[in-house]
Structures are given as structure tokens and as C-alpha cells.
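Scroll down for the structure; my scribbles are underneath it.
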Amino acid sequence: MLAFLIRRISQSAVVLLVMSLLVFVGVFYIGNPIDILIAPDASPAEYARAVHDLGLDKPLWEQYGIFLKGALHGDFGNSFVYNEPALKVILDRLPATLELAFTAMLIAVIFGIPLGMVAGMKANHWIGRNIMRFSILGFSLPTFWVGLMLIIIFSVHLNWLPSGGRGETVMLLGIPVSFLTLGGLAHLILPATNLALFKTSLAIRLTRAGVQENMQMDYVKFARAKGLPETRVIGLHVMKNIMIPVVTVLGMEFGSLIAFAVVTETIFAWPGMGKLVIDSIGVLDRPIIVAYLLITVTMFIIINLIVDILYSILDPRVRLGQER
Amino acid sequence: QTLTIGLKGEPTSLDPHFHNVTANNEQAIYVFDKLIRQDSRQKLMPGLAVSWTPVSDNVWEFKLRKDVTFHDGSPFTAEDVKFTIERIPTVPNSPSSFTGMVNAIKKIEIVDPLTIRFHTDGPAPLLPRNLATFNIISKKYGEGATTADFNSGKAAIGTGPYMLVEWKRGDSIIYKRNDTYWGEKQPWETIIAKPITNDGTRVAALKSGDVDLINFVPPADVAHLSKDAKLTLAKSPSTRLIYLHLDSDRDDTPMVTDNDGNKIKNPLKDVRVRKAISKAINRKAIAARIMDGLAVPAAQMLPDGYEGTSTTLKPEAYDPKGAKALLAEAGYPDGFKITIHGPNDRYVNDGDITQAIAQMLTKVGIKTEVNTMPKSVYFGKASKLEFSLMLVGWATDTGEHSNCLSALLHTYDKDKGFGSSNRGRYSNPKVDQLLEEALVTVEPKKHNELLVEAVELGLGDVGIVPIHYQVNVWAMKKDLNYKGRTDGYTLPRATSVAN
Amino acid sequence: MNENNTPYLQCEGLSRAFVKKLDFAGRIARSLGSNMREERVQAVDSVDLSVMPGEVLGLVGESGCGKSTLGRMLCGILPRSEGKIYYKGQDVDTLKGQALKEYNVNVQMIFQDPFASLNPRKRVRKIIGEAPLFHKLTTSSELNDYLAKVMLRCGLDPSYTHRYPHQFSGGQRQRIGIARAMAVQPECLVCDESVAALDVSIQAQILNLFMELRNELNLTCLFISHDLGVVEHISDRIAVMYLGRVVEVASVDDIFNNPFHPYTKALLNEVPRLDRRGVDFTPLEGEIPSPLDPPSGCHFHPRCPRVMDICKTEKPVDTEVAPGRRVCCHLATMP
Amino acid sequence: MAENTTEAIPQDPAVQDESLFLQAIKEFFENRVAALGLVILIFMVGVALLAPYIAPQNPYDLMSIDIMDGKLAPGSTSFDGSISYWLGTDTQGRDMFSSILYGLRISLGVGVVSTMVALVIGAIIGLWAAYVGGKTDAIIMRIVDLQLSFPAILVALILLAILGKGVDKIILALILVQWAYYARAIRSNVLVERGKEYVEAAKCLALPQRRIMFSHVLPNCTPELIVISTVKVASAIALEATLSFLGLGMPITEPSLGLLISNGFKYLQSGYYWISFYPGVALLILIVSINLVGDRLRDVLNPRLKR
Amino acid sequence: MSTPLLEISNLKTHFFTRAGVAKAVNGISLTIEKGEVVGIVGESGSGKSVTGFSIMGLVDEPGRVVAGSIKFKGRELLTQTVDEWRSFRGNNVAMIFQDPMMTLNPVLRIDTQMIEAVRCHKKVSKKEARKRAVEALAMVGIPSPEERVKAYPHQFSGGMRQRVAIATGLLNRPDLIIADEPTTALDVTIQSQILSEMQQLCRKTDMSLMWITHDLTVIAGLANRVAVMYAGQIIEEGAVESVLDNPLHPYTEGLVGSVPSRNHRGEPLYQIPGMTPSLINLPEGCSFRMRCPKATSACLSEPPVTDLAEGRRVCCFHPNL
């Protein structure tokens, strides 16, 4: 356990360092944010002043050093655009992204796992085959295209659901959430569904593969031979074994949900940090970009850690930190 | 009554002086007031100042409005004006401040609480124009206030028609009516401004009834929105000019070769070639096909009726034959190869316009390649003069020609701050001289004549190739009415309930 | 039998440990007081053994006691941790070039799993023919005849050279595996559980094939198996392994009629046999200990019915109790 | 006794001498949906390759397009009556059908080239790691793990933000996103295969290590790689489309299907649905058919591997 | 004569695969008396396991019992409802499988798996069920069962796991245990431990045992009676001594001959030529005909079953009488 944590933490530190350096240098080479931000009729003196104010006239390594020093104290610098601490700007938007991602994951689990079970148990039945066909489709449809279609169908044509934005939010434990109000929920459904589609297909496939594999196992036969009712054989014995890969893979995929939220948030104008970072890339707001990446990467690291711990809890055969 | 507005841009800050950018300035008008307002055609109108007169060549006197109070009830006085002007250059970390608007002022003299005098270095005919660009904040709340204080509402105490309730980052800004407002009665109790950057989503939000009013309707959607019985549209031409810069200074320009790919001497230095390019462009077709009619072919830098506009300049007519003839005359009967650059996320249909121009140039023999890029990359490269022919836009917020003349056609002069956006490095000493003279001529008529002359000269030289002015479109529910503005602002006070 | 006295293959103090080292994080954790340690499996623990030319030496022992590891080291496909191997009296470490190649080619291994031991993507022709072509034992033009000869010898129809392994039954695959080894004309075969995965009737076919080949070609053989019946049937001498160590080596008759080591006795007692009907099974207590953490002294002491105090602390030494008969037990050194 | 053992081989002419490849193909076609997918895929690849010959118009040739033909509905003819636009035109007056053919070419090209290069690079690195082992292996695999723990889209997003637009750039980004996947796949495959008895047998036959690696181990890893890379081509195409949609992928003058969709996106609600819709349909069919094929390949190729 | 514990007559279990119908069990008849240990031997694929599964009603998907009857204490099993099957399994007959690594669910603790086996047949408290589990574990010789019952399967060695499986089978005191090659995957010493436990259990509890294996030597030591299966049929059956010492069917004879034995050390073993035929297209008549040294044209038709004294039966045209 200790060794596992040490390994993880040291690896993460290296990643964060390399990542920040890469992005720092990368953004530096794309261009100068002042070119975009400054009013076009500003005088060169004004330009020089802005560059100086934001510290962009210092050599790159010095800028990086300043950043590093700040970052160690939890200060990622002020956003060029918002003139507020980058961390704060992002953390303001984090709940929205997390809510979206969690909801999408929930949808994927609620629909994916039962459908996958059915597909696995009725593999040769038309139901099973059609579920699999659907899952191939779900795998193939690019997220952005589905997003467009959802808006066109459900907001524009049918006018059932709002086309974008987050709607009403209420505070839950100090975090604004939208799923507690009807309006908020209505805003949440389309983007979450959009984001969930791919993961649902994934969940279906994982579950199906798990069911098919596990149903062949001797322990299922042995459980039946004990006289257990089928509900318990499937519901406990098979289920618990399937959950191991499903939970771990879906857990890992949670990170990619957060990343893919970039696309969904852009389409549905969801005020999350994905949309923020796309906008920030557009204006080269380096503190935001760097802080976003560091935060998401830290999140991935934590998610992976949780998944690993979960894995070792779910599967008694595995000791923490062992290779799978 | 609540008005929900879907906006293309989200402000980056509610500090009215932090970043001089449309989305911020627009929101600032909800809460604050300017000394001088611009009407929907950007003519100057009394705001917090009821009158402004030059006392001498170097002194302007402003009379301030009586009985104006801030949202908290404290009175508005000259002290607030002085404080605001002095604060502007000191806003920390500002990526683009209003300093340029106030640096002509050398001294501020408070004559009495409602009279204030600005002493300038030399004659400053543009001072009222410049003072019409920013908002006045309260000294009481503004002292020591940071950007965050404005965002949270702590310092966002103005004299304006609405009071800030809450800014939910990325989602909405909520305002409520200031019932003690000195100006026109506001029809809306609550305003919710929602930034919806994606064009399609914004339109869809209006159609689905999520918002009551949207700005920057994409041209392509105008046709079907106008057919929608539940909706209505408002259009207004804008001061946003789309034009081409041509590298007319260097002998060796990076993006031009002959037809076989060999370097040649910069053909764009030749006015005939520039003229040919202008003639090759079918502005009407661009306006009709690319812009869906929501563009007005341009001949100069501001539409008719603005200060300094020439009455003789007409949009260059589409004349491919003439263009070919001119090219042949300039020594390029078979044309040459060039790459046109343009942004793809900055102006309405900018990528398409760039492509269309390339198509048109190709048809007169100038084999044109297209390269478009995001603004984040584009403007940096453009400023580093990496392009030869580029598509850019310019919105003259001050509503008069000296602004664009000095930025675009005056010879590049880093020290004096001229030609800051002159990316073609066009240079004509005559134009420079006329402009500089106008800038110290306070007498309005003379001032105007000088500008007209400079404009006619510069454009006759094809210093830039104007393409069109964008037309701004708002769409709203049938029962609303919006008076479109040339500056593109979406202001609640211009919104009313239709009868 | 060959009267030559140099063993064909001989090993001295042959050992092999599999160590899973701690990575840097593990080392830090350990220095911080965590109880992490290297995982070390002493699969083979200083084994001395010799196989005489033309002899079949049987190697028996429970699962995980290191039989395969020993066999692999003798074939030269697994590096040793310690010890020496002598091929026809020569230290293989000193062999070079042609001599080394001769050793490598002359000692061949036959594997257990008839499915995993054949490359599924190659046709029989390639499987059997690749090595002789490579070692220039035949030429491409003569390959067909060469293959036919080898395949016939191993009981395979030479017309099936174009088939893939999955098109054969288990017994046939095992024959292909044997043919592959025989194609390089080896002098010595190491058979690692080569019949364990086969049905009784097929097992009989393969065993017969081994005996035939051995008689006709005078092959030397190390026959690894956990099936005492099979080993007894085919071997001249038998070595018994327990947890990495060879505990007893003797001729078949000696082992089966007069086992010395308590482990050998227990093992023999437990083998079910066709001629033992309705017996009362009286098993050896306990299980084979984990090689990760072997018992001190004599590895067998926790299960030994005749355990003494000395067994718990001291490792017994190899003792020659009779000519050609070695035992590794404290009982043998007791006065 | 050798005589009576030879006849043990059952005379079954059906299975004789058929290569694994042929068998796999036969088995593949047993699934009709997958077969249909393959036929469509082959058709699309063919059409993409032949685009310059079968497209009614070269959408890159600025001489042949005219904005006066912009946004024409499907079935219209050009204003001079020379071409009829089956699938309509875009704002620039490009024939959508031709654009789709060329777009297909770019999408497929980007997908296939990036996947192939990533496959080769990943395979070499993975093989090398498995071959050398030890510290090199550990370091390479750490890098691979790290890269794989980040979602592809995020990595691509950053890379393209740094690199800028262009076919070469997006291919580079897709390669960088994918290589680690192959490296890990091939390494774990090699490690599994290397532990199998047939490899030991080859070692025992004194065949040189390199020969064992390349002619025994590697071929046994290929089916898995084929399956992965088919599916990955589809996801590379989808990823490219997504990036182009976000404005980070292809340059406007070389529209892939994704960019065509993105270009038409703003017209989707305006009634000019065809500018976005048909490229979308083409993209869908392409990706679905690749996935169908990949899915079936997995079924066909994998059991044999496991045996 | 009292009703036998289990009476199988003319059981046919076929698998309807895409390649054709595999006649895995093709008309077997067998009776097992109370307290008897019956061995079933045969080569791989001869239908031994499927016979076991048929008794348990656990034949897998494309398979179906197509004919015959299985009577347990006189009650017909094949016409049972799903619920009756469920309460029959594990309660009256228990089954143990070959691979101890696979039969226990790896992610559930031993107690969970044992308690559920008790509680799905008898309404007892959890505590009571746990007590039974601990007792059962003690019975099969697992040391300190109170603690070990809380372990996960992977914390046990192979032999221990097989004991847990056996203990699980014993929980509800079944009348018959079907053991499908339970020792094949184990070492000799562990195998003999298990054999010894089973032997003692049968003696103590008067339980019947059906021991499926391909290892004749195990049968020799353990069983009272043996049935030899070939290609889905029982071709010979009788008391262990008589079958092994005096095999009547040529296949049995070959089988016995191919076991290495002390008496012919080093000599070639008897070798049955060829291999087991595919169950999908069995040859006409006697299925052993192709490999049989005694085959004549008579063997082209179904061989007769010859009943001899003491339950000895053989199914051949040319038995070694």
C-alpha cells in the first residue's frame, strides 16, 4: 500500500511537471495573447504596458519559474482574461462539468449494464443481436454529431427540452447543482445523454463480454448445482464478477468523460470548464489552460487511484498496486 | 417582467475598465453610465454629462447631470468622474485598457460638483468621442476595488439602469431594475443575460423559448427565422468593416511567387495590382451568397453619414475584365501566385469570405491559395507581417474616421502610436499629414474636411481593399422590439414590448 | 547399454531462483518501515544430477517442485542462477561456436501442452522443417524426403505437411512436437510431462513411441513426470525432487522395491495402481509448502513421519547409501 | 507399430491445405451484417481512391467553383447549367457530392495513415520494450501507461492547440495519441506469446533470438493488431472529425468529412441541411462499417489465437 | 429388491450444434444403490460429464435430454418443474467439478458460498447455517475451520479448495455425490488425501458416490462398481475386480492394457489404434468398430447388451467370454 502510494505520487509529480512545462512552452509558441486581447486601435505604448503588466516580457524560463513557485503555493496565476486567480475561475466551473459527467456515467450504468446483461444472456436471440447492433452504432456516432441531432430533434422540432445552458441551480452542500430542480433537470438531460451514449455502448459491451465469459465458468454451474435460484446465480455470483471489469473500466473512462465534456459543453453551451478551456485556447489564456490541465490531470490521477483501490476491494485476489 | 437575452459573447469581467472589449463594455452599460452616450448610430448624446464645450484649444469643460444617484443612493459628482479617469491607467493586469482614451488629459479640474474641466496637452478634438467609450464608477466603491469586487457585485455600484444581482460564470448574469434611475423608464424588472457562444445553440435557444432575444443572428438563419411567426428580427448595419490588407511596403513579400513558384518582386506594391484585386472582387455576390444579404458593400472605412466619410467614394464595381487589363498593364498578364490568409473564428463567415475572395482572384488569373486559422494564431502572425494578403475586420467604436485612419492607413510609427494595425504597412505622407492636421483641429467642419480628404486619398491608393460592412441582426419573440445599433450592443433600454 | 562412464549431461550445484525485485518505490516504502520484501522463489536448489548416455532418467515430484525449471536449464533455454552443467564432460560455459551449437541441438525438449507447444500460425512443414533447414541438416530440395522420413518415424502421415496444428488431434500434435525435436537428430530428449495432457489410450501410443525411438536411436532421455506409474514404466533410474532439491536418486528397482527417503516412501504409498483394489487411502499429511517461504532445514520436515530435531534446523547432505544410490536425508547419515 | 498409427489421421479433405487466411475469410462472411459492412467499406475505400476520376467536380479547383452556385439544394443544376448537384452545394458553390468524395479520401487517408504509422511506431517500441526488458521496458511502459491514462481527445486537443492546423499536424497528433496503445498491446502480446511453449521449442532448436522474435512471436501477435487497428482507424476518423468540428483539425481548404460537417453546422437549422447532413451520413456509414468489420474480425481472429 | 437410489434408463442427451447433432450421451442405463461407489471411466469426450449434468438437470444450452428417464428414489426427474429441479439439486444430489480453481466463485467469501447453499434449501438462521458450514469444513479435514470459513477461495491451495467444494456438497447431506474428476488437477499426495476423505465419508454416512474419471487406477482403489463409457454409451459395466481383471469388451481390454503397470515395466504398452470418433457423425453400428481388432461385418449393426451375473453387462458382438 505504502509503496503503491509512493509510486503513484512520484509518478504524478513527474507528469504534472512535464505537462505544465509542455503546455507552457506550447502556448508560448502559438502566439502572444495580447495580440488577441488588446483593442485593435491601442497604441504600441499601451501594448507594451499590457505585455509588461502580464509579465509576458520576461524570458520564458523566468515566467515558468514564477509559475512554478506560485503553483507550489496553490497559485496558478491570474487569468489574463478574467483577472482572477485561474484556479478560482476553473473551480467555479468544475461543479457543472462534474455534474454533467456524473449524470452521463449514471445513464451509462443504468442503461448499459442491464442491456449488456440481456445481450450476454440472449446472445443468439434477436434482442441480444439488436442490442449489440445498437452498441456498434453508439460506438461509431461521433459525439458532436449526436449532440446536433439531439438539439434539432428535441429542442427545435419537438420543443421538449431546452437546447443549451444549465438552467436553474440550487446549492447542495455549497455546490450549485441543477438536478434538483425540474428546470435544471430538463437542461441536463440532453447533454448528459449525448455524453453518455459512447459510455453506454461501452458498458453494454463490457457487461456482455463479462456475462458470456462468466456464464461459461464452472463456478456458475457449481452455484446452480448447489440448488441456488437463478436470480441469485445471476444477481450475485455472475454480477459481482462482471462488476470488476465494468467498474474499473468505467471508472477509468470517467476521466475521458470529463475530457469529452469539452465537445458536449461547446455544443450545449454548458457552463463547465471544458467550454472554458476551449475559449481559453482561443485567446491563449495560458494560466487557465495550464491550470485546467493540471486540475484535470490531478483529477485523472485521483480517479485512477480510486479505481485501483476499488478494484482491489472488489476483487479479493488482487493486492493493491499489482499489475493487472 | 423578465427579459432573457442570449448573447454571443460572455464578458470576461464586470470591471468596466479591466478589458476594453465589446462584451464587457456592453454589460457595463447595464450598471453604469458614460459621460457621453452614443445613440444607435453612434452619434454623441448627453449622458452623465449634459454638455461639453471647448473652453480653449486645450481645455474642455463638461457640465454634469443634476440629481443623479448611484444605486446605493449616494449622489454622483465630479469627484466620481475624476476618480474614474485617474483609475483607468492603474487597473492592474489589464490586457487592454482605456488608457488610450484618457491619456490626452493632462489635468482634471473640478470647478464645482457638477462642472469639470479637462486640460489637454494640445488641441484634442476627439476628447468627447473618447470619453464616450467608458463608464463612470463610484469613487466610494471604486477606491481600492479589484476586478473580483466588481464581479461579485461589491463594487459594481453604478448610476445605470440596472443593478447587478449575480454573475453565474458561464451561465448567466442577472440584473434587477434600478427604480431610481435618472433616465428613461426601464420596462424590465429583471434581466437575465445568458452567454451562448455557439451560434446554432443560440438560435435554437430562441426558437425553443429559452431566451427572449438574441444578438448576432448568423446570416444563414435570418431567412428561416423571419419566416417564423413567433419571432421577429431587427437589423442594423454596423461599423464593422471587413477589408483586405495588402503588403504594399516590402519588396520581398512572403506569400507571393510567380506561377512556377519562384520568388518575385512584390507585385502588391503596384497600385494597379491592388486596384485589380479590388476590381476582381464581386462584393455584391459575397454579400448576397456568403452573407445572405446581411452585408453592405463598402467603399471606405465607415458607412455613409459618419464623421469623415467621403460622399464620392463608391464600392468598387465587379470588373474582372478591367482587373485582368490592369494586371497586364502592371506586367502580370498571366497573374501570379499568392496565398490569402484569414481568421476562421473572428468575424461573421470570415473563412467563407476568404475562400470566396480566393475564388474570385483565381478567376482573374491570380492563383490564390487559402489559409485560414484561429484568431489565436492569426493575429500574432499578422502582426509579425508574415502574410502578404490578409482579411481583417475593423469596428470603429468611436464612430468617426480618424480612429481607423490612424490605425490602418497612417504610416506605421511605433513611437507616436500611428498605424498600429497597419499590417500592410501602407504609407502615404500626404495621408499622414492630413490626418495629423485633423487631429489638432477642433473646429468640427474643418476637422471633417481634412478627414474626408485623407480617406479619399488613402482609398484611392487602395491602401486597403474594403469589402463590406456587416449587418447586425437581433432576433426576438414577436412581442418584443429591439432598436438595432451600429455598434452591435444589445441593450435592455433599446428593448421594448411591442404594442 | 553404453559402457562409457562420462555422463551425457551432468549438473553440479545447479540452482535457479526467480526474484521479483522491489522497485524504487518499494525500496523507499521499506526504508519507511513497510514490511515489503523481495519475492524470491528458489525453484531449483543446488541440484547434482547426471544422465548417462543412452539412459532414461525419470524425474518425479509434486507440482511446483522445480522439475520443469531443472529440465529447461539442462536444455539451455533457461539461464542458471548458479552451478555448472557438463555436456559430455565439458562445461557448457566453455563451449563455443560449433561445439555450443552441437550441445544446443543435441539436447531437445518435448513439451507438455500439445496445444501451446506448436506455433498456431505455421504449417506442419514449417514447424518440423525450419530447424533442420536452418542448421543445414537438409536442403530445401531434399526437405520433402527428409520430412517424410522424420514424420513416418514419429507415426505421422507425411502427406499432411500443409496442415495447421489446430487441424490435428491432441495425440497427433504431440507427435508433431516429437517430430520437430527429432528432425534435428538429437541425442538427448528432455520430456517435460509429455504425456500428462493426453488420454490413457493416446498416452500409451506416445509412450510406446518414446520407447521405440529410444531403442532404435539409443537416445538419452530425461523423463519428467508427476505420474509415478509412467516414470516407473519407462525409466532406468529415478530422481525424486521435493521443493527444489533432489531427495533421492536410485535405480527403478531400488526406488520401487526399497525406497529410502520418507518422502519417496510416502509417494509410492499413495500412487493409485491398477492392482491395488479397495485400498484404504492413508495419505501423507499436509501440503507442499510454498517455495516462497520454504521450511528451514530439511524442506520435508513438516510433513515427515520420522521427523527429528535436527531436520528442523539443518539441511541434510547428499549421501551415497549404496553404489549409484544417493539420498538426501538425515536418516542416511544417522549412525 | 508405426504403420497402424499413421492411419489415425482422419481423412477430411474439407480442411486440408486451406490457409488460415482463407479460413478466416470464409468465417468472416458467415455473418451477413459484417459482410455487408465489408462490402460497403470496400466500396467507400474504392470511391475515395477514385475520387478524382468519378467526382463531377474538383472541389479544390477554384476555377471550377463559383459562389453563385452557393447553397443550392440537392438536385439543382449550376447557374450555367453545366453540372447537376445531386447532393446540393455549400456556400462556396462546391458540389457536395464531390466534396464528400474528396472528404472521404482525406478522412480515410488521415485515419489510415495515422493508424498505420502509429501501429508501426508502437509495434517497434513495444517489441523493443518486450525484447530488452528491464529498466528500458519499465520506463517505456510507464510513459505508455501515462499517456493512456489521458483521454485521447484531451491529448489531441493540447497537441493541436500547440501545433496548429494542417493535415500533417493532425496526422502527427493522431499518431502521438495512438502509438502508446499499440506499444502496450504488442508488448503484452509478445510477453504472452513469448511465454508459450512453442517459443521455448524454437529456442531449444537453437534458432537465433531475432528469428524467433520476428518469425514466430510477431506473426502470432498480428491478428490482435489487425483487430485493434481496424477499430482504431474508425476512432481516429471520428477523433479527427471531432477535432475538425472544434476548429482544431483540418485546414478549411482540405475539408475532411468532419470539417464538412462543421462547415455546414451553422446552416443546419437554416434549411441548408444538406451541407452538414450528407457528410454526416457518409461519416456514419464509414465508421459504422469499419466497426462492423472490426467487430467481426475480433470474433474470427481471436478464438484461433486463444486455442 | 428395493428401489435403487438412482435409476437411469436409456438416457439420451444430445447437443444441437451448428455443425450437427452431437450425441454426447446416447442411450445409457445405469443404477446406483444406496451406499455404493460407482466409477465411470472413459476417454475425454465420451460423455461422462454430460451424464453427470443430465442427472443434475444442468445440461448447457444447445444440449437437451432427448429421451430416457432418470429416477431418483423412484421419482422421475426429467418431468420436474424448474422449482422442483432447484430444490432437488444440492439437496438430494450434489456435484463436484474437476477444476478446484474454477468451481468456487473467486469474489465471494467461502462462508457466503456455503451459507447460501444451506439456506436455499432449508429455512435456517444465518448463524445456524454458518455452524453447519464450519462442521462440514471440519469433516473434510480443513484445519481451524472457524477462521478459514471467512477466507476467499484464492487464499486456499488447490487441494483445500477441492475440500471446500466437497464440504459445500455435503452441507445438505445429499444421498448421492457426483464427483466429476475432482482429483485430476491435483498432485498425487493431495489426491490421495481427497480420496481418503471421500472414502471415509462414504463409509460413515452411507452416502452414494458417482466418481467420474479417466484414471482407471483411481477407480481400482475407490469404487465398488465401474461403468466404462465410449462415445456416449456404456459399453461395459460390473464390479471393479471383474471388469479390471477380466475385461469383456475389446475397448476395456485396451484401456486396461494401456495403463503402465509394474508387471510389464519397459515393455510396449497395449495401444488402442486411432482415436475417439466425432460424436457428430458416429459410424453405423458399434461405435468402436473402426478401432477394434475384432471387428467383423456383424459390428455394422447395433451391438447387443449381454447381461451376465452380478450386474455385469457388456455391449459387444465379440466379448471375451
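As written, the chain order gives the labels A, B, C, D and E, with residue 1 at the start of each chain.
Here is the rule we go by: a contact is a pair of C-beta atoms (placed from the backbone, for glycine too) under 8 Å apart; a residue touches a chain by one contact, two chains touch by 3 or more.
In UniProt terms the chains read A, D = ABC transporter permease; C, E = ABC transporter ATP-binding protein.
Since this is a predicted model, take the numbers as computed values, not measurements.
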item	value
Steps needed, at minimum, to go from subunit B to subunit C via contacts	2
Chains linked by the largest number of contacting C-beta pairs	A-B
Whole-Å gap separating subunit C and subunit D, where each centre is the average of the chain's CA atoms	47
Distance from subunit E to subunit D - Cα centre to Cα centre, in angstrom	51
Intercentroid distance (Cα basis), subunit E paired with subunit B, Å	90
Residue list for subunit E, restricted to those that touch at least two other chains	268, 271, 275
Multi-chain contact residues (two or more partners), subunit A	30, 148, 152, 156, 266, 281
For subunit B, residues that touch 2 or more chains besides their own	200, 204, 207, 345, 374, 377
Contact footprint of subunit A on subunit B as seen in their complex	12-13, 15, 18-21, 92-97, 99-100, 146-148, 151, 168-172, 194-198, 200-202, 204-205, 207-210, 345, 374-377, 379-381, 383, 394, 397, 403-404, 406-407, 414-415, 417, 420-421
Residue ranges of subunit D touching subunit C (in the complex, touch as defined)	1-2, 5-9, 15-17, 20, 138, 196-198, 200-207, 211, 216, 219-220, 304-305, 307
Of all residues in subunit C, those that touch subunit E in their complex	62-63, 169, 171, 199-205, 207-208, 211-212, 226, 228-230, 232-234, 252, 256, 266-267, 270-285, 287-288
Complex contact set, residues of subunit B against subunit D	199-200, 203-204, 207, 218, 220-221, 223-224, 282, 285-286, 289-290, 344-345, 349, 351-352, 354-356, 358-360, 362-363, 368-374, 377
In the complex with subunit D, residue positions of subunit C that touch it	23, 72, 75-77, 101, 104-105, 107-109, 111-113, 115-122, 130-131, 134-135, 152-153, 155-157, 160, 162-164, 166-169, 171-172, 175, 177, 180-181, 184, 205, 208-209, 212
